[in-house]
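Some structures are shown below for you to check.
In the two complexes that follow, subunit A is the common piece, with subunit B as its partner first and subunit C second.
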Partner chain A sequence: MSDLEHIAERRLGGDPGSDLAELEPAAGREGSLYADAWRQLRRRPIFVISGLLILLLITMALFPSLFTRVDPRSCDLADSLLRPSREHWFGTDVQGCDYYARTIYGARVSISIGILVTVSSTLIAVVFGSIAGFYGGATDTIIARITDIWFAIPTILGGIVILRSIFSERGLLQVSLVLIVLGWPTMLRLVRSSVMSAKEMDYVDAARALGVGDFRIIRRHILPNAIAPVIVYATITVGVIISAEAALSFLGVGLQLPAISWGLMISVAQNRILTAPHLLLFPGLFLSVTVFSFILMGDALRDALDPRLR
Partner chain B sequence: MVTAIKMDTIGGRPVDPAAPLLAVEDLAVEFRIDAGVVRAVNGLSYTVERGRTVAILGESGSGKSVGAQAVMGIIDSPPGFVTGGSVRFRGVELLDLPEQERRRVRGNRIAMVFQDALTALNPVFPVGWQIAEMFRVHRGLGRAEAGERAVELMERVRIPLARERAGSYPHEFSGGMRQRVMIAMALSLDPDILIADEPTTALDVTVQAQIMSLLAALQQETGMGLVLITHDLGVVAEVADEVVVMYAGREVEKGPSLGVYHRPAHPYTIGLMDSLPRRDQHTERLTAIAGSPPDLLDIPSGCAFRPRCPHARNICARIEPPLFEPEDGRVAACHFWEEVQRGRA
Partner chain C sequence: MGRYLVRRLLQFIPVFFGATLLIFVMVWAIPGDPIAALAGDRVLPEQVLQEIRDQYHLDDPLLVQYGKYMGDVFRGDFGEDFRGRPVTDLMKQRLPITIRLALMAFAFELVIGVLAGILAGVRKGGFMDNLVLISTLVVIAIPIFVLGFLAQLVLGVRLGWFPVSGIQQGLRSYVLPAMVLGSVSLAYIARLTRTSLVENLRADYVRTATAKGLPRRRVVGIHTLRNSMIPVVTFLAIDLGALMGGAIITETIFNIPGIGRAVFEGVQRQEGTVVVGIVTFLVLVYLIANLLVDVLYAVLDPRIRYE
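After this line comes the complex of A and B, so read on.
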């Protein structure tokens, strides 16, 4: 009998609820991953600088008239190819249009395409990547193989082929569509692997053991814990897509005149690079800074959200 | 308090109030992996009645957790398959229920508490939100009402300052408090049965005692049946009415816990008891069971415990011991149970 008593005595230490002392000293209220990340980010110069630049560029895209009163489409051939001056800060192009106004208005196309393409391909990736990663088995094999095949198509080359052979008119929507069609596979692979690792967590089993359904498990328990690398990658993708649009427009298969876009401006400028270098310089500079801002932002987010990747 | 509206049918099958609350019979689970077939559970049977506690005792890899997951219906399949036996809740077979119906049983009828509450709670949501989720998923309550219920539950599991703490995240709690949150979630829908999978293993000893006595107190309040999965014989001695000792996926000894504790009839049970620290014997070293648990891909012929058993003889390698009945209501899977019991006495 003695063993039993000793053990029982050893174990039945306190009455339930007596462990007030066990409570930690009131920890900070905001404790989630995202609150932590935000606190960290606010102190990082890279984040602040890229954030301000992105904010500026988005404002430019939404309200270009805040930055210039000049209509980028009212041009005077008499002013053709002026050098930068007080009247025309960035000079004028061959049509005599104010180049500063055109550069400002060019932000709209770049930012719209960058965000539209990224959001759409992320949505596709999240839906199908979660299904593949969560259910595994045959579903996963089918989705993953299709993705792999798609992944093998080079973006720019595929873009040239599709844009030249299918669309007679190429506007913002057509170019975006092509970039979405070619852009989702990388993202899907990322979501899938991220979901596969989040699925293994005990809290997913715990939720299932308490009768939570698949959809809610994915939405509430897996995605919030799997989305951090996706956010990071999506931010970088905005920059990559913006440069892809510029590349396509430069190659003459993207947007068409009279659209205003940095890629198109650079394309037109290439013939006069020696006589009028400002035509290349300004849109090139804006394009680089935009792409750079999104990539920097992605880096800052990665450091904050996923320290293991540093 | 929470008044649950319980269906008196499960998946269209009528519940029989006279049948045992939970009856697991000859359950078999295997995992088909590249290296071969692992028979993780091979013939597990037990019955849980209202207000009673059954302890499933065994080392890591003995199949005790897999058995519980099979009862819950949360084994990842593939690679895991329930290949035989039955799990009946008040007479209703659960194993062949469609997943939709099975899901309604989980949480409502049978709930589960996991070993490590840090990993079993979602790190990105406040604990109050996670408890409230139960009411929103199963009862369709609104955000505010569900949140209110969550606070009530946190009070019920004796979390101090429950209202303030409901907005905290799991990592802001200590291990014991996190386990209380897990228990609150499991109890949210007034389950008839609670399966606790090593609920105290990740905690230190004083907190272990608090959690165990909390579970006991809650069991008294609600009358729920408790299935306690553990490798700690001390816990068994203290709270369990019945005990099932598992080894390599098989049950090797089973019966009322006092009987098993005082007159063990299987050498493995004795090994487990001897490896406990005891206050009346001040020895330098604890007695360990020689050898290590078998590779489940390559279980020894005959009795799986044979290579580690001091009583092993030729017959043990040839014939897998059937379940002998050393006493009324007890079984032991050992050819030499009489010798084992005598040697102990």
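After this line comes the complex of A and C, so read on.
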């Protein structure tokens, strides 16, 4: 294991995966780790709270009209920069748009980008990470070296350059694409090292001795035992990506007006923090709570899925 | 040690050229008109267009372009802004300010982070432990620009403890931005120190030290802590990338005329060449710092060398 991987895993607060497979009972009680984890999770307040928050946010992203009947784009300049009141819970922005409605509608962009980017980069990582980890040798070397190269580009710096240079029109898809491109290497390293330790298990040898094919071994025997740390990390990644999107939009290289996004709202609000702090406060609060929920959820999942901590 | 160094260097070379090539290709070689994208909404005069084409050798084949560009970079030429001023001039002027800010952030996150980590780690599951775990989680979750504005609003404007923005008040003006910049890494360092300390406290040599009657202070402070710091040192290298991204945001919020602010201004003024030049430079710094820390890691932890 290279030291970078070492650190990447340390940052997650443990050494995911390495011992997981050892402790899991062999075939016959498949999924028992997850059954155990679920039983344990349901009793943990942290899990329940973050789970409910995430559900709420996803509902907000899917059906914003459940939360507000005001159209975030119908604005009245006469109402510019009102403080929060009974009529406008979160006040209004410069254009006189209802800020509560805009904040609610902002969830859609953050949640979509967070989930889209995480799911895509996890898929890339699982496919190529298991190929590299399982076959080893030259295949592994090639995949690992390519990953090293991509890994060397820091997310925000790379995001600025790529978004700035390639796209003059930047929407949800462009921003997601760039975050996927910069996000998969960390995930791939995790999958790879996790698969490498799972393939050393006796049941893999047993399956091979029985003449089971490579694909089936990976799918049925290795991945189920190697995926736990990936799930934990993916959950945290959703939060990290949401934060990165907001930062890029804030810097003016992410989404562009008239898109409604928390990062953009904060970016627009920055010149008025003295006169209208509510413009900063509400999107900032929603953004932080969203990121917090996903990181908290990841923490709870790690505690449950890493048997050594029990 | 020698063999380890050679191996590391050999691994570094493809990563170095690969990463710079990737950035170069993404900026200059993707179909479309890179110069138009760099200029954003404005129309550049023919002369400027030609200068940019020459600067980046865009009339040559791709690999030749890249080769010539890297040649320029090694000679310290990172391109020019749209008025013909070398980006290097801008960097010379801005870099010292950012270095000052980054050093203060480093000092802040190391001292407070390690201290918090020790307090949490020596008594796992205790009050301090939970406090540190929860508060670090909160800090990690709040995006740095939200935290920056909050700190500016509360500590700068409302309480008046720190200068609100700019660098007119000497080192004092750097304190608040440095705290904001270092906060996320502080949280990671605290957690890392804690995990590592908890792990090491279970080691045999700790039991030996305790058994031979050493006071707890000494067991934790000298024996355990030294070994627990190794992952923290390596974290600092990875952290540098986050720190540079963070510097762009922090300097923007606190109006500090450092190199990060220059990137932001480049984005705002739609001067793509400035943005690309500076970011390329920052990525180079990041890569080299990572190499150095890899070497340092091997010095600190002999197990790595013999892997």
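Here is the rule we go by: the second predicted complex is superposed on the first by the 275 of 310 C-alpha atoms of A that agree within 3 Å, B and C clash if a C-alpha of one lies under 4 Å from a C-alpha of the other, contacts with A are read in each partner's own complex, and residues count from 1 in each chain.
By definition in this document, contacts are C-beta pairs under 8 Å (C-beta built on N, C-alpha and C of every residue); 3 or more make two chains touch, one makes a residue touch a chain.
Keep in mind the model is a prediction, meaning the values are calculated, not measured.
Student: Looking at the overlay, does A:287 come into contact with subunit B only (first), subunit C only (second), both, or neither?
Tutor: second
Student: Is A:295 touching anything from subunit B or subunit C once the two structures are fitted on A? First, second, both or neither.
Tutor: A:295 contacts subunit C only, not subunit B.
Student: Thinking of the overlay built on chain A, is A:34 touched by subunit B (first), by subunit C (second), by both, or by neither?
Tutor: first
Student: For A:211, using the defined touch cut-off, is the partner it touches subunit B, subunit C, both, or neither? Pick first, second, both or neither.
Tutor: In the superposed model, A:211 contacts subunit B only, not subunit C.
Student: Identify the partner contact of A:224: answer first if only subunit B is touched, second if only subunit C is, both if each is, neither if none is.
Tutor: A:224: touches subunit B, not subunit C.
Student: Applying the touch criterion given at the start, work out whether A:139 contacts subunit B, subunit C, both or neither, answering first, second, both or neither.
Tutor: Neither partner.
Student: List the residues of subunit A that touch subunit B in one complex and subunit C in the other.
Tutor: 3-4, 6-8, 10-11, 13-14
Student: Using the touch rule from the top, collect the residues of subunit A that touch subunit B in their complex.
Tutor: Going through subunit A, the ones touching subunit B are 1-4, 6-8, 10-20, 22-24, 27-29, 31-34, 137, 201-203, 205-213, 216, 220-221, 224-225.
Student: Where on subunit C is subunit A touching in the complex?
Tutor: 11, 14-16, 18-19, 22-23, 26-28, 30, 32, 34, 36-38, 40, 137-138, 140-146, 149-150, 152-153, 157, 188, 191-192, 195-196, 231, 234-235, 238, 241-242, 244-246, 248-249, 252-253, 263-264, 267-268, 272, 275-276, 279-280, 282-283, 286-287, 290, 294, 297, 304
Student: Could you pull out which subunit A residues touch subunit C in their complex?
Tutor: Residues in contact with subunit C: 3-4, 6-8, 10-11, 13-14, 145-146, 148-150, 152-158, 160-162, 164-168, 239, 243, 246-247, 250-253, 266, 270, 273-274, 277, 280, 284, 287-288, 291-292, 295-296, 299.
Student: Show which residues of subunit B lie in contact with subunit A when the two form their complex.
Tutor: Within the complex, subunit B contacts subunit A at residues 72, 74, 78, 103-108, 111-112, 114, 116, 119-126, 133-134, 137-138, 158, 160-161, 167-169, 171-174, 176-177, 182, 185-186, 188-189, 205-210, 212-214, 217, 233-235, 237-238, 258, 261-262, 273, 276, 278-280.
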